[in-house]
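First the structure, which I've put down as structure tokens, then a few questions once you've had a look.
Labels run A, B, C and D following the written order; every chain starts at residue 1.
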Amino acid sequence: MSFNTFGRLLRFTTWGESHGPALGAVVDGCPPRLALSEADIQPFLDKRRPGQSKFTTQRQEADRVRILSGVFEGQTTGTPISLMIENTDQRSKDYGEIAQAYRPGHADYAYDAKYGLRDYRGGGRSSARETAARVAAGAVARLIIPEVRIAAWVCEIGGDAIDRDNFDAAEIGNNPFFCPDPQTAARWEKLVDEARLAGSSLGAVVECEAVGVPAGWGAPLYAKLDSELAAAMMSINAVKGVEIGDGFHAARLTGEQNADPMRPEDGHGGPRFLANHAGGIAGGISTGQPVRVRVAFKPTSSILTPVDSITRAGEATQVRTKGRHDPCVGIRGVPVVEAMMALVLADQKLLQRGQCG
Amino acid sequence: MSFNTFGRLLRFTTWGESHGPALGAVVDGCPPRLALSEADIQPFLDKRRPGQSKFTTQRQEADRVRILSGVFEGQTTGTPISLMIENTDQRSKDYGEIAQAYRPGHADYAYDAKYGLRDYRGGGRSSARETAARVAAGAVARLIIPEVRIAAWVCEIGGDAIDRDNFDAAEIGNNPFFCPDPQTAARWEKLVDEARLAGSSLGAVVECEAVGVPAGWGAPLYAKLDSELAAAMMSINAVKGVEIGDGFHAARLTGEQNADPMRPEDGHGGPRFLANHAGGIAGGISTGQPVRVRVAFKPTSSILTPVDSITRAGEATQVRTKGRHDPCVGIRGVPVVEAMMALVLADQKLLQRGQCG
Amino acid sequence: MSFNTFGRLLRFTTWGESHGPALGAVVDGCPPRLALSEADIQPFLDKRRPGQSKFTTQRQEADRVRILSGVFEGQTTGTPISLMIENTDQRSKDYGEIAQAYRPGHADYAYDAKYGLRDYRGGGRSSARETAARVAAGAVARLIIPEVRIAAWVCEIGGDAIDRDNFDAAEIGNNPFFCPDPQTAARWEKLVDEARLAGSSLGAVVECEAVGVPAGWGAPLYAKLDSELAAAMMSINAVKGVEIGDGFHAARLTGEQNADPMRPEDGHGGPRFLANHAGGIAGGISTGQPVRVRVAFKPTSSILTPVDSITRAGEATQVRTKGRHDPCVGIRGVPVVEAMMALVLADQKLLQRGQCG
Amino acid sequence: MSFNTFGRLLRFTTWGESHGPALGAVVDGCPPRLALSEADIQPFLDKRRPGQSKFTTQRQEADRVRILSGVFEGQTTGTPISLMIENTDQRSKDYGEIAQAYRPGHADYAYDAKYGLRDYRGGGRSSARETAARVAAGAVARLIIPEVRIAAWVCEIGGDAIDRDNFDAAEIGNNPFFCPDPQTAARWEKLVDEARLAGSSLGAVVECEAVGVPAGWGAPLYAKLDSELAAAMMSINAVKGVEIGDGFHAARLTGEQNADPMRPEDGHGGPRFLANHAGGIAGGISTGQPVRVRVAFKPTSSILTPVDSITRAGEATQVRTKGRHDPCVGIRGVPVVEAMMALVLADQKLLQRGQCG
């Protein structure tokens, strides 16, 4: 793992800024002889793509991915897969006036403090646009773990949570919020639209579940499956919290309540668990139960209300972020969370095979 | 970063099982010419040491650390610092009867699924005893960042939270719970004692704050300061959730509520922030505000109540974990959380100096 | 360091095949605020570019580099620098007939044994064309170490070595062989031309010297400066040997002969060394003397003489490699060796600054 | 790979100084369920142990290894294996007088330039005593690759080379030089003894061969098998050169001479090669032929003849290194070279299994 690289055996390195000519990912360590073409990647990018409803940024990006290496005659060769997405809608004039002021909540000040300069065009490297590269890499990772089904959804926006009794996985694709509860989705329509019209923004919670992960993936102690997932999710822009299984709720349970009792055989060779408070991970290693993660996204920092700030010269000012922004950045976080889940699991599958055969 | 190694420039590798002859850490990449002796490390181990009150396990471990390398004439040499702690109280007979059954909530089944065997003596490598090695390594890390003050405390046990209005940092060391609110500490005494007597256990939430971190530590995107902290904290035994700043609460705020406005100069060269919802990190890079992390510990999995389980042979059984266990493992998590904070920050300091001079 | 990534703090990842649409490198960890444009990189690529004399392959590649990220307003931002070179002369028909046979001396059989397939177009990932990406990355590395002057040259072709008494650094650029001895260059003209006309090939030895490396770069024990250089050089296509300082010759000296005596001050703060058998490195750490490396390139494996081989199906065959090949691949290795020297030294400079301030 | 850590999936970290209380290695990533006890490691340490003939240093070290973790009931558990060797003969008075002067040829000056201090007791971390930890780790690595037979020997001392026609592997263990040619061994006896009596020293060349490595281990481009071997060997104290296969000699061959022709089937599923100039590696990946490496050791830097040097204060002085030193450090390099070969190959086996299944 290095600054812009994630993973151990399956590694990807992302590059590119929101307003540069292109961005991309280099995926290294992929097994050979997997069928791969752009068509395997594009649907995931399309899911993340902006401008598809009024609830996401109106920035228009085609987000067409090109495979530049690592695939020959439709198969992965085992060598680095270079994925590139050209930026097509780079209206950097939108950002011109904030070149000299720091946008509160954004990385502007922190980048300047670190590097002594910043790319003020849309946040440069700190833009959520980088997540397109992860989604592309994640699509490759999915091919490595065909035994695993990964799904994520939004379970809460602006404090308004879904009703668990209404959970219907089939509904997730039927609304612009990746919401598994149609009644909640209807409420969110109003909620997010109001925020959008007010130039405000809302936070969200995304849940992700991976079904089919066999027992035995992960490793003590600093490559624990949960530790890797926490790093992966917390590396996504705007994420402020990560839970595995019951997460913070587990801190309110007794040992008896939190136990995941086991009964003989589940028909798949493992025990039948009577509960899954652990979120499918014990001691950093998968148990064979569904792996469950919850991820908190803060509200988009770009809002129309002026916020106190300072200029690079240290003078007081106020910043209103016009541009074209997501009223709730967590919504488009769904395919990104799925991608990171896939990337972590694929890496751990290869690691397990490497060490334990 | 490898399986049992954490860090990038400042790296530590831990080894050892709960019932082996010893455990330890090798700290590599430490700057030279720092004054270091066992006396700099021992107080942190003593803080974590079991058997100091009836609220923690009665296992008696001296936890005396020895420095075996990397220090010459009282100074670090810049070469690997080998730290060793001998295990003195290895009553493995306590564990004998669970050799053939999996303890629910523990890593027993997952380890067996991964490795095809397990060290059943007290959990072997999955034992929280490994955290002693981290605490020792963390004491070295603190020497690298004298400009930073790190403090952690328990803010919630079994769902009973401190009253923020009573927060008094000076109280943290005055009770066996690392509790900054004496009234809450009094309630916890009863709460934890009841759990202990009932052979039950409780979860806890630990908060940690690092004051004095300059702006500019951290890095995009997979070495983000928050991503590193998430990995570090989630790698601790029994941790199920990590929050930076407002964490999950941020998902319930609007952009206006979540903003951290800036005003000119704070007297230390940086801006004065009017709030710290971000927990001192923006875009993965420190802002100069206090770095704040919250960590959820599940209740200790070892309880006296029998829980349904299976044997290695797949037969139904029940497991009661007798042994000597912490009724609330989160309490002794406090020095471990501090150690991981120190290790992450020290590493990021060196990385920042390396890349940006 | 991963499969296609090299370096620790300054890392680069290369991707691309000889006959794909493009190849490139992502350079991560570069310090910010270095002036960088394509014009800083292109001269080094031009030096390596094929088709510039009859002594190198006639394949015509423009080798124009594009910077796709990591530079803003003419300065490095500290974020990943993506460098891309499009392939323009992909006459893959030249290679069609060897799709079913393994070229002896090439990686064809080994790749197939490893991956179960191979990209037979010009060797795919194993092609020396990958070195263009290294040369581009090396040009960035040079900006990090302005205090160091790096020069490489060919000192031997086909067993015909330069005369040390004729060594004139100013001559290196005056002949197509990077030869510092004009008389030897004249002999090589005949030697290489004969090999070319015969469809044969010759090996070569390249020497590289870095002047201005301060004492103190490198690290025990597996990041030793000499160990890093050995890995870097041996990773270049066709390289079979690496020497530091006197190399294998040192094995024939006595301790007295091999000593590098020291006298007080050299005017630059360090001692004055009376010899440099060590090649500027002791204990894996630079001494302040010139760092000297020698690298052996085998003869190009592609020759017109038929060589016994087998087909993928295991049948006996013979392979004559037509294509357009370098009669002496070591010649074009000169800018590659320089690039790898720059990349290793720049990385070690950042590491030293990180650990020791 | 970090400063004192080597490897990717199978990683080992060494620690300890020549005159500290102990030294050791932590081996991480080892597959589980391998039978392992101290008895599997001790013979390799005994082979390297000093004081066994008058041709090696008279320092007496028991070099008894202890396994402190990672083994349970005689089997590896898959968790870190901590190996410790106590130093028993730490006559540091021998070194006292050189505390203020730099020994030429040693790392004294370079360490001081880097770290601003040095452990002058026998070179501290730069002492060849560190190689004991590698030999111990290498013994573990051998268990991972039972299909591979590794043997090393000395082929040249002080410029006096073995006669290839007399090569007899069975003779290697029959003389104190690991020499496969008894006639040469007889000459070396005189040669090394003269050097010893004169307080002088000699260089040596060690060869190592690994038979049974299947085709397909290694990886492009910065984890090439030959690149890993070069890094591994060059990281050994006193090594100044590394060759794979024909090495520098290949630079003097034509393409026709250097070809390794292939004929159908060798009875083991691979082709039959008619030569092995490549040393068993093509394109960084093993071909199934024996892997061959040659390693140049410089003469021991510690000699009785006074050599010009300077003090820490920069004053002219002369240094005579009394102590008890190997007249030819390359001899005891044999088990170290074997260990590094085993460690690299075992790592690559796991990597290959991880990526390619």
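For the reader, a short list of remarks on this structure follows.
Note that a residue touches a chain if its C-beta (ideal position, glycine included) is under 8 Å from a C-beta of that chain, and two chains touch if they have at least 3 such contacts.
From a predicted model like this one, the values you see are computed outputs, not experimental measurements.
Over half of the residue numbers at the chain A-chain B interface are used by both copies of the sequence.
Using the average of C-alpha coordinates as each chain's centre, C ends up farthest from chain B.
Comparing chain pairs C-D and B-C by the number of C-beta pairs in contact, the larger count belongs to C-D. Averaged Cα coordinates give chain A a centre that lies 39 Å from the centre of chain C.
For the pair chain C and chain D, the distance between C-alpha centroids works out to 26 Å. With each centre defined as the average position of its C-alpha atoms, the distance from chain B to chain C rounds to 45 Å. Each of the following residues of chain A touches two or more other chains: 2-5, 14, 29, 32, 78-79, 114-116, 125, 220, 356.
Residues of chain B touching chain D in their complex: 2-5, 11, 13-17, 20-24, 26, 28-29, 32-33, 66, 68-70, 72, 75, 77-82, 114-119, 121, 124-125. Taken together, the chain B residues at the contact with chain C in this complex read 9, 29-32, 78-79, 220, 350-351, 353-357. Those residues of chain B that touch chain A in the complex are listed here as 1-6, 8, 14, 102, 104-107, 109-111, 113-116, 123, 125-126, 130, 156, 158-159, 195, 200-205, 214-224, 226-235, 237, 239-248, 250-265, 270-271, 274, 277-279, 281-288, 296-303, 305, 307-310, 314-316, 330, 352, 356.
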